[in-house]
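Chain lettering (A, B, C and D) follows the sequence in which the chains are written, and residue indices restart at 1 in each chain.
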Amino acid sequence: MNWGEFFAMNGYAWYIWGSYGMALLIFIIEIVMVRHRRALILQQLHLMRNAEDDMT
Amino acid sequence: MAINWFKYSSPSTFYGAAGKMVPWFAWSAAILFVVGLYIGFFVAPTDIQQSEAYRIMFIHVPASILSMFIYLVMAGYAALGLIFNTRLSSMMASALAPTGALLAFLSLWTGALWGKPMWGAWWVWDARLTSELILLFLYLGFIALHASIDDPRRADRASALLAIIGSVNVPIIYFSVQWWNTLHQGASVKFTGTSMHVAMQQGMYTMMMAVWLYAIAVSLLRVRCIILERECKAQWVSELAEVKR
Amino acid sequence: MLEISNLACSRGDHLLFSDLNFSLSAGELLQVQGANGSGKTSLLRTLCGFMMPVAGEIRWRGQNIRELGDAFYAEMIYLGHLNAIKDELNALENLRISAGLAGCKVNDKQVIAALRRMGLRGRETLPVKVLSQGQRRRVALARLLLSNAPLWILDEPLTALDVGAVGLMQELIGEHLVNNGMVIYTTHQPLEVVGVATRWLALS
Amino acid sequence: MNKLSLIGLLSLVIRRDLVLAMRRRADVLTTLVFFVMVVSLFPLGVGPEMDMLRKMAPGVVWVAALLASMLSLGRMFSADYLDGTLEQMMLVPQSLSVLVLAKILAHWMVSGLPLVIMAPVLGLQFDMSAQALWVLIAALLLGTPILSMIGAVGAALTLGLRGGGALVSLLVLPLCIPVLVFGAGAVEAVVSGTSVSSHLSLLGALLVMALAFTPWVTALALRISME
């Protein structure tokens, strides 16, 4: 079996790769968003901590 | 000796435990994805009726089933939080919601892409697709309600009640949609379930496990963020290595 | 009668007060004091069961009010910042309904007597819309006269009242205490009831 | 002083809400006019072919009723919330659930019942048969109280929130789908000559279930929202 034939999926390429592509996109977006959320809250916690250190 | 389960229901203990669990779930999800896709694309034979298009099933079915399952798990956590006033359960519920909503969306998207070559239309008012759409609405309602209440405790409790009402309603909605569908003799695809090839089944179950583990991993990551956001004034948070750095 | 032990309350994530202890028995008057935002209203709302305390217990006749539920509500009356009266209704209708919500069946004669006692003679059937702020507050306070609940919880009862009405309130509270009633209130105005030593509770 | 019984409380609250609604007639009429307008605009959108209109009629009337009931949900608790009456209602010594039931019933009489009465007139615009009209009335009579009850839960959950109106629709509309399906289905069934009673009895079952649970759930939601 050659790769060209495999990717063509017997004419259903758009539908199949569209599905798996969207799945990949969603998983990546979700992970990026969660990581971003974590970075934001950690940054905020650093700020809070530094502010406390300045006071003491 | 009895295990003190309440120890694990304290956010500070769970934060660390979740951090340790995430890599395990994430890596096993990744491995299962690779295995599942290999079985799905290289081992499973071409279907006689649907040709290659049926291979969308390997992502569509897990996404659909898990989006429904996650809703029930979410409602369960929410109910625990409402009844026993355990904050961690409510946090888990709100951590699961976005993942469930994304999977519901994925299920609709892949359903449409599967429907086009099979039925000749992107969208068909099939009972299962319609129920999935309503499920997505229920998720969006939960997320919107939680987001629009400022007081976190009220947000948890109000959206918990909504999730419980939703989960009681899901069977009624599903039944009514099914009823409506048969009444109108709408399109309904039944995959040749009985004659499904063993490799197809294996591929689907592997992918289902993979998506499940992925969902656990990503919602654990999210609940860790939520714990930090909610507990930002607590002593133990400021003593964390990642905060001290 | 009313016992509060180790009570802690929070609004949002902000802890208002903790380890609050006091008790109130028949014939006693308690004034809750504290700066703005110290949690006076939150304390009163917690006593009403609107808010769940973070910690501690509130007991009425030895039983937790959460367990008592409706039985506790039958023995208390709460007057908040808001008057809980409808502009579209007249004083008589308003009072008849609020007495009904408090669980009492009253006739018009009793209602009119209560309104007259509050100095609203001749205003009984006017729509509340046309009454002044002080007069509306009087309509709200008239509920106290129609109830036989022993526990009064009053949040700023004196706002918008003139000197005469403040005197009247002192009189009413005095009568209630003589009849073995209990009153908890917050105020920024001095309120003195003849013959009763006011107890103070300071929130910081 | 005498104690007020549960029935006494029920009738007191219903009478109060009806009097208040009568003194604010404009609000009630707005909902009804909205309902009539939405239904009347449909033929303008899809064209005047009678065959198609006859086929669409039950769905159109039901969707319009659903939207109209969403419109009136904001009124159910918010006025009482703003002037403090709701606080007093929470302290009612009989039962908050009964009080909530009374408010739901009053709300239905004011915003649901007029729709039921108006619906046959609108059905005539769509050339519905007399038999279909009767079934439409029966289905609306069974279905609109359910809309008020489910709506009450949503209204209680979104009490005092910004953007409450749009939010409450987002929460409540998906939960109303079964009512829509069985309600519109009953009328379609009579048109196509199949059994009507199964649809109506399913609606009836939903009504009984809603009647049993929603007052209690709404009371719980109010307690959550008032905290």
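Here are a few things to note about the model shown:
FYI, a contact is a pair of C-beta atoms (placed from the backbone, for glycine too) under 8 Å apart; a residue touches a chain by one contact, two chains touch by 3 or more.
Only a predicted model underlies this, so the values are computations on that prediction, with no experimental measurement involved.
Across the two candidate interfaces, B-C and B-D, the one carrying more C-beta contacts is B-D.
Closest to the middle of the protein, by Cα centroid, lies chain D. Computed centre separation for the pair subunit B/subunit C is 49 angstrom, with centres defined by C-alpha atoms. Measuring from the averaged C-alpha position of subunit B to that of subunit D gives a distance of 32 Å.
Computed centre separation for the pair subunit C/subunit D is 36 angstrom, with centres defined by C-alpha atoms.
Remark: subunit A and subunit C have CA centroids separated by 55 Å (rounded to whole angstrom). Counting partner chains per residue, subunit B shows two or more touched chains at residues 151, 153. Shared contact sites, meaning residues of subunit D that touch two or more other chains, fall at 227. Under the stated contact rule, the graph of chain-to-chain touches falls outside the line, ring, star and complete shapes.
Only residues 134, 137-138, 140-141, 144-145, 148-149, 151, 153-154, 157-158, 161-162, 165-166, 169, 172-173, 175-177, 179-180, 183 of subunit B touch subunit D when the two sit together in their complex.
Put simply, subunit C touches subunit D in their complex at residues 48-52, 70-71, 73-74, 76-78, 80-89, 93, 97-98, 100-106, 110, 146-148. For subunit A in complex with subunit B, the residues that touch the partner chain are 6, 9-12, 14-16, 18-20, 22-23, 26-27, 30-31, 34-35, 37-38, 41-42, 44-46, 48-49, 52.
On the side of subunit B, the complex with subunit A involves touching residues 41, 46, 51-53, 55-56, 59-60, 63, 98-99, 102, 105-106, 109-110, 113-114, 116-117, 214, 218, 221-222, 224-225, 228-229, 232, 237-238, 242-245. Across the complex, subunit B is touched by residues 153, 157-158, 161-163, 167, 170-171, 173-175, 177-178, 181-182, 185, 188-189, 202, 206, 217, 220-221, 224-225, 227 of subunit D.
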